[in-house]
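Sharing a structure with you now.
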């Protein structure tokens, strides 16, 4: 799910000119991703790649308490990022033209996810 | 090795109400991980997965000066994180209920590892 | 491409004694890497590993607008880091002895890349 808009809006509200934004996802089976926001196929290809690299139901895994997509979700989270820090320059996030911020759900079913956000600067 | 407790204690000592904690591991064959702290099988499964994905002794690697677990450790570090930034909110780290902080050793034998820690806030 | 020297020089110019440096690459097919700066074979082995793990021209990918190295570059960026935060202690970056900072180009051909840099501290 792309979260660039609410994040950008929240940064604008803060009125910080030069500073640093940090986002931290408070879960172990979801992650934060900065990726291309132009062609939605990029994110589908990322899903395809991660599903092949860390397949649901892999016999390697012992931790299967919550189902066959449980441990693969933890591995995908470990392979990506749970927190991100992006500079704020001239009152704007220093994202590149094609960069969007995504909350990446690694479980099969929808979950409510919380992201902690912090700004420091002046 | 879980390091959540000493990190949380160090943050508490600092007396910061709202701020940002950053941890940085000063090595290239170990990393920092935020993962589930409930079932220890999760971390064993992570080890299993990374051992399969980047096997010790892989013939692909030329950098073998320190043994067959040398280059795989660098790759595993590159696939994970060497630094983490976590917001501090209401005097507490904004970790999720199930999130623990781990120093992840990627070499086979124990090494002494140093983690730089920084807090900013008020 | 190693960027440790210009980064260290820029930090020194800032005159900050205790603080935090954040780097953010403003692209979705390049990343920032902290890795061994002693043996250049380490970085070549990293390239070999990532080329095998996420091969150019993989039939899995649908997003091929810019060629067969397009989507693999996005995946390699997702598997590594687009931003890094390193503490500044006693006026110096808290890098380990063997840690260098690299801008890692994941496309086959050279591109101009921009990295946003931010320092906070005193």
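Note that the chains take the letters A, B and C in the order they are written out, and that residue 1 is the start of every chain.
The rule is short, and it goes like this: a contact is a pair of C-beta atoms (placed from the backbone, for glycine too) under 8 Å apart; a residue touches a chain by one contact, two chains touch by 3 or more.
Because the structure is predicted, anything quoted here is derived from the model rather than measured.
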Chain contact topology (line, ring, star, complete or other): complete
Chain copies touching (chain B, chain C) - same or different residues, decided at half shared: different
Between chain C and chain B, distance of the C-alpha-averaged centres to the nearest whole Å: 18
Shared-contact residues (touching 2 or more other chains) in chain C: 20, 53, 79, 81, 85, 120
Residues of chain B that touch chain A when the two form their complex: 18-20, 33-36, 39, 41-42, 44-46, 48-49, 52-53, 79-81, 84-89, 94-99, 120-121
Residue ranges of chain A touching chain B (in the complex, touch as defined): 20, 22, 24-28, 53-54, 60-63, 65, 71, 74-75, 77-79, 81-83, 85, 114, 116-118, 120
